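Look for subunit A in each of the two complexes below; its partner is subunit B in the first and subunit C in the second.
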Partner chain A sequence: MPTFYKMDRKYELTRNNKMIPLVMIAIGVIAIIMGFMTDKTRTWAVLLQNDFYFTAIALAGTFFIAFNYAAQSGWTVGIKRVPEAMGGFLKYGMLGLILIFIFGHHDLYHWTHHSHEELSDPNSPVFDPILAGKLGFLNIPFYISRLVLYAVLWVGFTYVLRRHSLQEDLDGNIEHYKRSVVLSAIFLVIFAVSSSMAAWDILMSLDAHWFSTLFGWYIFAGLFVSGLAMLAMFVLYLDRKGYMNHLTDSHFHDIGKFMFAFSVFWTYLWFSQFMLIWYANLPEEVGYYQTRWKLFRSIWIGNFFINFIAPFLVFMTRDAKRTKRILFFGGIIILVGHWIDVFVMVMPATVGAEWTIGFIEIGTAIGFLGAFILSTLTELTKASLVPKNHPMLQESLHHHI
Partner chain B sequence: MAKRIYGVFDDEEALMHAIPLLKEKGVVCKDVQSPFPIHGIESLIGVPRTRISIASFLYGLTGTSFALWMTWYMMIYDWPINIGGKPNMMFYMNLPAFIPVTFELTVFCAAHGMAITFLLRSKLLPGVTAPIPHPRITDDKFILHVDVKDESKVNDVAALIKSEGASDVLLKSMQFS
Partner chain C sequence: MSGNHEAVVRDPLILGKKTYHQMTEDICRPIEGKANKYWWISFIVAFVAMIWGMTCLAYTIGTGIGSWGANKTVGWAWDITNFVWWIGIGHAGTLISAILLLFRQRWRMSINRSAEAMTIFAVICAGLFPLFHTGRPWLDYWMLPLANQFGSLWVNFNSPLLWDVFAISTYFSVSLVFWYLGLLPDLATVRDRCVDPTKRFIYGIISFGWKGTARDWHRFEEVSLVLAGLSTPLVLSVHTIVSFDFATSIVPGWHTTIFPPYFVAGAIFSGFAMVLTLMIIARKVLGLQEYITLQHIELMNKIIILTGSIVGVAYTTEFFIAWYSGNGYEGYAFQNRAFGPYWWAYWSMMTCNVITPQLFWFKKIRTSIMATFIISIFVNIGMWFERFVIIVTSLHRDYLPSSWVMYSPTFIEVGIFVGTIGLFFVLFLTFSRLFPVIALAELKSILKKTGNQYKKKGIL
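Moving on to the complex of A and B:
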């Protein structure tokens, strides 16, 4: 471990580094425009999928900060600026989700098609008592106000936690740390409820007849593991550029352990949700999986292999978690895998049998990835990568397991 | 067989300081006993990497195989039962129902196998006297285990350990039970 640290270390975003995400965004814009010219529903679905995926990763960044404050953990201090910066994408992502709903709700959510009167009238051609019963919750004004509420809560807490962290760099007041612990504890309670409700709203209501009580947890698991993989990508990138030499192998080992553990946790919930529905075989529940089995079989099963078997084997040994190359490789697998996972959640109810993974899907994903990278790197330039006045900084610098 | 002697230290910093110096002079440091975990002591005395993770993987694999065989034998081969119309002719068609059992037995075998292996390797079974060379290692003494190959040099090595900061050297274990 080097004994000398340059504590005030800032990431610099050069013009060349900026070009790559900008080109990625341009590819995304071309893909979206092409999509709207060919297939509107498909493009809205792809937009929703990618926007949800990257917003979830940004939310995982804030969640990471919050639970580390609440647990008063020390080792994460050295990498803390990265999840903080990831949270910066949340405001764009939530704005995107609101806009996608406002302009694309007819193509995405079939519960927006008919009014309560039409659905509850037995003589009406669209008579649907199940949907009619849900319209008290699933109606456009209430839906938008809920999305706005999530946006305000998440972006607000991200902003306040970030501001305390930056202010701490300047004045070194311990109050910022204490305040952050309290705020984080409050955020975790809010996050537990709101992430689950957002999952019902944004993804579960695509299949408005279907419901699963495990869905919120399942989304949380996917959100967290893809957020951790993205965190690992950024830390490894910064480490490669020489900004992270205050980290030891133990930090990477711990990030690897996190990814390993939460891949298994995701699989646990993925399988629990499936098995209970498969076993009970209730008609109102199995439709969800029948669509996936009949139309999406290859990627629905592939999802299991790429999100469970691959990370499980890649991250199993201690040496693998300490090798940056393998960590990077495993992180890419997890990110691709969970992109596919969200794909399998969004597409069956919107595009259905006509699904493909072509230029529109991949181009949009590249565009969103570019926007996410640009947003995160820009946030990273705003503060020192080492939170120099954090009370647990020394613990992180000497982290050794 | 090498003779084992025990250096008694009063604090862990003296111990940490002494180990590299002793090693430089060719003293074989085998183990340390201490009232609390000392950070970084494993790498100082060169404890080899634990192999319990490999053992745990194998135990887990045993559990998985046993569970899959057991469910196949019970539910498919020997006495198929129609439960809620679930397919009971083919193992793979009914596999989701067997996954919880498989998971539990994997964890069960891995956890118990690991715990039992650890206890066996550390000689900590019920009724076994704990190998405590000095009664105060659970209180305020730090013991360094040193192997001396040549029995005639025991006193030289003991003097060497003492010169590096040990308060005492035990030539044989003060074992009590």
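Moving on to the complex of A and C:
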């Protein structure tokens, strides 16, 4: 540990920090425009996939802050400005999801195609009593109001928690810490319900006939582990730039442990959902996996390996988790892996057999990544990287395991 | 760990003016002194209950499973409810010793020993039910994959019931070894303090010749780490496999994908409730209030809120998806749970598991020992009802209305359940007289970090 570090050092954007993300965003815009000119459904699906993926990562940032307050964890204080900054993307992401639904719902959600009368009439060509039964929940006005509600709650709590954290830097009042603990506990309750519901709304209702009680928690596991990987990327980047010399190897070790543990947790939920549906083999459930097995086999199997076997082996040893290069490599695997995971959830019900990963998919992902990086780095410039008045700061500065 | 830089906002975990010697005195006192009146009263009551249970068990073996209330439609009922309930209770011990260890929660050190002991005793109680439900317990070795020369049939590896056999026996073995390993240094402490040569001899043998040398500690720590690594997936796997017993079937109300994590959360929930019930009594009877402090109780209450809310979210999710799925049978199963003839079981479950733990949001309630004790009993009851609701209400109305029945337990079944509670307390009370109930050597390691007189009180 260095003997000297600046307590109120802020991140400064370099020229490249602005240029590279802007170029990435430009690539994304080109990909989206090209997409709309060639295949509308595919482009909406890609937009939904990427917007959901990066919004989930941003939400994981706020979740990280909240559960660390609630659990009174000390070691995370030194890195907490990073998940705080990640939460800054949430407002753009949620706005994007709402817009994607408003303008793209017809291409994405087939339950928006027909009215309740058409679906419940036995003489109608689109007779579908199961879907008709769901329209009390799955209908456009109610759906949009739910999305808006999630946006208000998530963005609101992100904002309030961030404001307390920044204010604490200025006045050093312990009340900010105490209030944050209470706010975090409230947020966690809201998050527990809303993250599951949002998962049903945004992803599960793509396959409108299918259902799985575990789905919300499965999405949560993926959201959390990809959020952790993104957090690791930013911490490693800042560390490389010399902004994180208040951290010890133990911080990196702990981030590595988190990624390892929650990759295994994700796998546990993946397996639970898949195994039970496969074993019971009920027609109303198993179709979900049959589509994936028939049309998405390579990527569906790859998803499991890249998200389980790879992080499991990479992060297994203590030394690996303490080696920044390996941590970076493992984080990239997880980020790519969970991007694929969301891909395999979005595409079968929208694009179906004609799926491909081409310029539109990759370009859009690059664009979103650029926006995410720009948003997060800009947020990082707004506050000192060390929350200097946090009551548990000393625990983090002397973190040693 | 953060060593002596612990934040001032954290409260001390060891109260009073303790020294290392004083800690040894305090924790060895219940073993070295004579048992008091309360201990004897509880022991006798528990012992009588245990004997009653054994009698009922003997009757079951003599007459067969027909002496139970289970019938053609409700083939699983009381026994499996109790089995799952006990297995769940065991989970807190492993969670505390393995997962809280990974999360570096120091407060676990005051409670892990007794929680682990509880795990072992609860698994013993749980194991009795499936062993006797086979009807011919003398053939229970058929559950193992033995060659046909033993007269057994080859086991069905596709069955989650067989996975249960492996999961629970592994769980039991690992928990037992982990618990016993942790006891070694403390047993050696007891040995070294023994005046009576016979006792000294016995504690000498069971402490495996522990000397407390650097090499002893080195090996001890290596093995502990390996066992903690093994225990963590085990905590998740055991109740996951128990949930598979139901969820791999296609019975409406049983087949639902949320079961594995939801069962694990429920298990931890009920386990912590039982730890609270026991520890609130034990700290008082054994005079350990300065080690198992109000803060420990408050923290456990927070885990109760967390796991109780997870369980609550799971109940709601199941209910919602039962409607959302559009599957009439699934919908009916849930409607029948809440408003059918077993509505009282369902609403007991909802009240005890979802509503009462939410009272812990109030700091006044979660720092009140009396309130905590009462709510912990509620949770114990609620989690029993949860299993009863899942098992009996999903079965009692079959697809054919002609098979619809009600289930009620017989005197014998109730007797066996009461007997296992007796057995559990007999074992726990015996444990509290023979072994140090707090991990002494481990707790000493944090005295100078979080002990009351060592903690610098700062600006707060």
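Criterion: the second predicted complex is superposed on the first by the 401 of 401 C-alpha atoms of A that agree within 3 Å, B and C clash if a C-alpha of one lies under 4 Å from a C-alpha of the other, contacts with A are read in each partner's own complex, and residues count from 1 in each chain.
Going forward, a residue touches a chain if its C-beta (ideal position, glycine included) is under 8 Å from a C-beta of that chain, and two chains touch if they have at least 3 such contacts.
Treat the numbers as computed from the prediction; the structure is a model and nothing was measured.
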Fit or clash between subunit C and subunit B when superposed on subunit A: clash
Which of subunit B and subunit C A:192 touches, first, second, both or neither: second
Touching partner for A:214 - first (subunit B), second (subunit C), both, neither: second
Contacts of A:72 with subunit B and subunit C, given as first, second, both or neither: second
Which of subunit B and subunit C A:279 touches, first, second, both or neither: both
Per-residue contact with subunit A, leading partner among subunit C and subunit B: C
Touching partner for A:317 - first (subunit B), second (subunit C), both, neither: first
Partner chain(s) touched by A:269 [first = subunit B, second = subunit C, both, neither]: second
Partner chain in contact with A:376 - subunit B first, subunit C second, else both or neither: neither
Common ground on subunit A, meaning residues reached by subunit C in one complex and by subunit B in the other: 275, 279, 400
Subunit A-touching residues of subunit C, taken from the complex the two chains share: 1-3, 5-10, 102-104, 233, 236, 240, 244, 247-250, 255-261, 309-310, 313-314, 317-318, 321, 324-327, 459-460
Complex interface listing, subunit A residues touching subunit B: 271, 274-275, 278-279, 281, 316-318, 400
Touching residues (chain side subunit B, partner subunit A) in the complex: 39-40, 53, 57, 84-86, 96-97, 99-100
Subunit C partner contacts - residues on subunit A that touch it in the complex: 71-72, 74-75, 129-131, 133-134, 137, 174, 177, 189, 192-193, 196, 200, 209, 211-217, 257, 261, 264, 268-269, 272-273, 275-277, 279-280, 282, 284, 391-392, 394-401
